[in-house]
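Common to both upcoming complexes is chain A, partnered first by chain B, then by chain C.
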Partner chain A sequence: MADIRFQVHRFNPETDEKPYYQEYQFTPLEGSTVLDCLNYIKWHLDDTLAYRMSCRSAICGSCAMRVNGHAKLVCQTQVKNVVRPDGTVRIDPVGNMPVLKDLIADMHGFWTKMQAVKPYLMPTQPPPSANQEYLQLPEAFRLFEEEATCIMCGACVSDCTSLESDKQFLGPAALAKAYRFSADTRDGRRHERLEELIERGGMWDCVRCNECVQTCPKTVAPMEAILKLRQMALKERLTDSIGARHVTVFTDIVGRRGILDERELPVRSLGFNPVKLLGMAPVALQSVLKGKIRPLEPPHKVKGVEDVQRIHREMEDGS
Partner chain B sequence: MKYAYFPGCVARGNCPELNSATLAIAPLLGLELVELAEAPCCGAGVINSQNPVLADTYNAKTFALAEEQGLNVMTVCSTCIGSLRKSNKRLQGQSAYLEQVNQHLRPSGREYHGNVDVTHLLYVLINDVGLDSLRSMVKRPLQGLRCAPFYGCFILRPSEVMGLDDPEHPTSLERVIEALGGKPIDYWHKTRCCGFPITLENEAASFKMAGAAIGEAKDLGAECMVTPCPLCHMNLDMQQPRIPRHTGRTYNMPVIHLPQLVGLALGLDPKQLGLHKHIMDTSAVVSRVVAH
Partner chain C sequence: MEYPVHDILIIGGGAAGLRAAIAAAEARPDISVALVSKVYPMRSHTVSAEGGTAGVLRSDDTFDSHAYDTVKGSDFLTDQDAVELFVRAAPEEILQLEHWGCPWSRDPDGGIAVRAFGGMSVKRTVYAADKTGFHLLHTLFQTSLRYSNIRRYDEWFVTALLVDDGRILGVTALDVRSGQFLPLLARAVILATGGCGRVFAFTTNGMIKTGDGMALAYRIGAALKDMEFIQYHPTGLPGTGILITEASRGEGGYLLNAQEERFLQRYVPSRMELGPRDLLSRAIITEMEEGRAFQGPYGAYVQLDLRHLGERLINERLPFVRELTQEYLGIDPVREPIPVRPVVHYSMGGVDTDTEGKTSITGLYAAGEVACVSINGANRLGSNSLSECLVFGARAGRAAAHGAADAPAPRAEVIAGRAADEERRVAAWLTRAEGTERLAALRDDLRHGMERGVGVFRTGEGLREVLGKIHDLRGRLARVTLDDRSRIFNTEWTAALELEFMIDVAEAIAIAALAREESRGSHTRRDFPQRDDVRFLKHSLAFWSREGPRVGYRDVAITRWPPEERKY
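Moving on, here comes the complex of A and B:
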């Protein structure tokens, strides 16, 4: 392996006014992970560098950080796979969290949001018999088998686009955890959980950008868990939000026309909301003038729309 | 080169210029497109929030229509390609599930056998047309026009479903821009979300996302943004006048659909490409390229 230049994010709040990059250059041993390289720096080049690590086996979740701008567990990232064409590797702390020092982020907000979704069972039935555990069948566990693999490393939170623009958003890790308990057959508070999760900052504020699915070092796929929460909420008739109406109106329009008609979707999704509609009016008018929105055109439909309508009718109940 | 063409709802709705630009460049590229007139909406990941099996069934119908003609599917939308490929992976991966879905196609005499692949114009340019060949077709080089590529989420992620480019550090759009004589701008937001899916639900967050991307592109000297996704186009172009109230900044950033950029370089009339139909004025881009 050739020399690699590591550009490492440094920041000591006691002495530094602002963060900077420090460069370390050496030739890592064949097969080194990025964590091996950080350890080499700390043990041989500069013992002031601060970062979290522990198990080195992608189980403890301590060593999530951004490599070339994207969150990874550095203990399972081979350095040879991330060297950029110019021979550099850039290492930053996870995103969407304040930095305490160098590569160490403050995970306080992460844990607060995790606690907010009540990540524990709330059974409403007594256990099968006195002094006995609540039992669970393997089929029932499979409903959230993937979500249960979360090691709370914060990689998904780091790269979440919604969180970057809206600090109130619960974020992928907490919402995946919320699904894990909402889907647990031993839990008795699914409806109450979902009622809280449809509020602002909850399941409808995800943009579905797939960053969390891509970045998760396990198999949680948080965005898919958020979609399952949405399906649950709609099944429980929790439909009084713009997000929920957007989905039901969208599905209804496609079920009738085979294609989305964008002239119908926003008006019906917003419900009775004169302020928002007025806010959209100037852009809508401009779009009409440019021929992007064509109000006089007959409703858009695909050819042979009856077949789409039949499929929609047959499957409306979700079977 | 012959594909079953899936324009998607937006190219037939709010971005008609995307459809006309695609149809205008296709013959120049030697690309024959057979439009799937009966194909329903891909579900856009939205129908999945209610009824994922319904979305997969709509998409199985699309695949069956293409399969009947022995063709693969080409889209011009990052959201469509992502939704279609996700459905296809589920349908191809489990024969019991494919059978369950086929039960809803059979009443109209159709069945999907799992033999269709889904691609996007962007990857057709690279893998079928080829960059060298594309370069040789250029009649009106882009004169080093500084273009900020903006991918759109689903065309890259998750790579388990997409796998057509590096999801974190993609190069496809950059290579096409270069082949056409433009200069790609490298910036962090090029792979981020435009915010479109939550425009109605959470306008402030949505427009901050779009503003962050446009702002970074502008700071790095981009003269325009280029996107293979009409949903991104809606948030970046159509909604651009509404972004400043959330970010305190105006941008005046033209946003070009991928086939429009190709068409410009291949010498087509900017009007035919619908470049006058955008909300943000594209005349600076057009005159920069056409004046030469």
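Moving on, here comes the complex of A and C:
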């Protein structure tokens, strides 16, 4: 392996006014992970560097950091796979959380949101007997098998674009956890949990950018879990939210006309809410200017609308 | 000065600590329980346990069978009364975890599945794929969130235990985040800090397992029991020491030497790959010494072959093994054998406790790997340790909750002087004048010294050499200076405090190993190759003293299974 220049985010709140990058250059041993490299830096080049780590085998979730701008578990990341063409690797703390020092972020908000979704089993039926387990068929477990592998490292939260613009959003990790318990056949409080999650900051505030699915070092795929939460909520007739109305109205319009009418969608999604509707005005105006909305065109059906309706029927029967 | 006061303070947020916290909070909803951990609880090393947790759940199994397997596995050094109690309590703990949502792997009918494990004569190891510790820990952590009387001190580093007149009064701790030093007072303290695998260079253990709780108790006069018994797990990845679970063999994997021979037929013919860990590790080292192992960049190794199990079974039961070998070695076990070698995994020894977790210090309890009850004796059977954390964590939690009721409220003025002394000692690390020694160099010397001198095979000469080295290290430690003089998240500072713990623990291990002039379980002396029940059917007890550690002995409790030759 050749020399690598590590550009490491440094910030000591006791002495530094603002963060900076410090460069360390050396040749890692073959097979080194990024964590191995940080350990080498700390114990051979600069003992003052601060970061979290524990198991070094991708299961404890301590060492999520941004490598070249994307969150990864550094213990799981082979350094040779992330060296950029100019021979550098940039390491930052996870995003969407305040930085405490160097590569250490404050996870307080992460835990608060995790706790907010009631991440524990709430059975309403007693177990078959005190000396017996709840029965759960393997296929019932498979409904949340992947979501149960969340190690709470915060990588998905780091790279979540919804959170970047809305600090209230519960975020992918907490919502995936909410799905994990809502999908568990042993749990008895699914409806209550879902009821809380259709509120502001909940399941409908994900913009489906897929970053969390890309970045998750395990197999959680948080966005997929959020979509499954939405389906659950609709099935439980929890439709009284902007997000739920948005998808049902969307489906309804396309089902009737074979095409989306951007004039109808926001009005029906937001309901009678003059403040929110007024808030949409700039977007509406832009859409008109760009020709996305044609205000004068009468509502119409597209040619072949019957085929669109057939697709809809088949989708609904299928689900 | 006002210090935080709790009824119970639990140090460590792994399986034993969380189970203790929940048990205490349930036993006495009116008391305040504090959980102090140097890392967020789910970073605790329980998370790395893979294979399973043992308990009698099936009609083809009996408590006696589990107890006898455990006693025999321990080379007859367990306290059999403790083992009998343990095997009876384990099933209800496993079911309790299920009721809290733990996703144990299931049989097709929806009941909890069991798998085979080393030294267990029937299938009795309950598992959650090969991430048992992970699921167990997260279930406990998440369940603990339901109790409003559990208060967490995440990322607080305990530096000392405060005692007065033989009674525990609390701890002194660093809030790592702010660097603030603060005594935390309590009527009872439970140590649940895990083991000390990092005292060795090559270990499966996470970086945090530096023997903190063992050293904390040792320094205030509690005995460290059976410290010479260090378990080498047969199958760690060369280089990193990452654990490849025993479940790989429980599911049918083979161990092969360089001649493609299942060499265990010459060592443990009746059990083969499912023999106990001490025998398997010795067998592998013997193969290496006699030239029948493979050679790689990290030295000699043997192979763990899972290919005949097939991709489907590997994906369903051993997905983490596949993930680890692919990520860290670039090897797919579906197609290639995995290189493995014995690696330090577990400390059978620990703080001397009874079956309620009580130590010799009034109000101080210990549970989990930090403790020695003892149910593991000279060699723990795989999958007994998670059950141990649950059973004895819960027992210690309940005992401490009831004990705290009778204990006087700790008074700040009694400990103010001692807390101030401790603060000066800890803070002195930040103001020391320039020294000539580096922290990391000392730590490496200690860990490699232990690896050489206190390995699978030991000699009196090698152990004396290690003790000499440890003595030197104490001198060199005084000349170490830190580069980071700041308070906030100073991980060099906490590493220095950890090194102090490690040196104390390493010394207790080496001195107990030197004193035990026999071979039993994981402790094999080349100069004393036989088990000696006349002199050493006894627990060793290491005590701290100003002149250096002192070793005493206590008889083993034998109820129903007199010692016999241990053959598999």
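The working rule: the second predicted complex is superposed on the first by the 292 of 319 C-alpha atoms of A that agree within 3 Å, B and C clash if a C-alpha of one lies under 4 Å from a C-alpha of the other, contacts with A are read in each partner's own complex, and residues count from 1 in each chain.
By our rule, a contact is a pair of C-beta atoms (placed from the backbone, for glycine too) under 8 Å apart; a residue touches a chain by one contact, two chains touch by 3 or more.
Since the structure is predicted, the reported quantities are computational estimates derived from the model, not experimental observations.
In the superposition on chain A, A:Glu196 makes contact with neither chain B nor chain C. Of the two partner chains, chain B is the only one that A:Arg208 touches; chain C does not reach it. When the two complexes are overlaid on their common chain A, residue A:Ala58 makes contact with chain C while staying clear of chain B.
Applying the stated contact rule after C-alpha superposition, one finds that A:Thr15 touches chain C and leaves chain B untouched. In the superposition on chain A, A:Pro127 contacts chain C only, with no contact to chain B.
In the superposition on chain A, A:Leu135 makes contact with chain C only, not with chain B. Listed in rising order, the residues of chain A touching chain B in the complex are 68-70, 161-162, 164-166, 169, 200, 204-211, 213-214, 221, 227, 230-231, 234, 241-243, 246-248, 250-251, 254, 258-262, 266, 269-270, 276, 279-280, 282-283, 286-287, 290-293, 300, 302-304, 307-308, 310-312, 314-316, 318-319.
Remark: chain B residues 9-10, 12-16, 37-41, 43-54, 57-58, 61, 82, 104-105, 107-108, 153-154, 157-159, 167-169, 188, 192-193, 195-198, 200-206, 208-209, 212, 238-239, 241-242, 276-279 touch chain A in the complex.
By the touch criterion stated above, chain C contacts chain A in their complex at residues 39-40, 42-45, 47-48, 91-92, 95, 98-101, 103-104, 106, 108-112, 131, 134-135, 138, 142-143, 145-146, 177, 206-208, 239-240, 242-243, 297, 320, 323-324, 327-328, 439-440, 482-484, 486-492.
Listed in rising order, the residues of chain A touching chain C in the complex are 12-15, 30-31, 33, 42-44, 46-48, 50-62, 76, 78, 100-102, 104, 107, 111, 115, 119-121, 123, 127, 130-138, 140-141, 144-145, 148-149, 151-152, 181, 184, 186-187.
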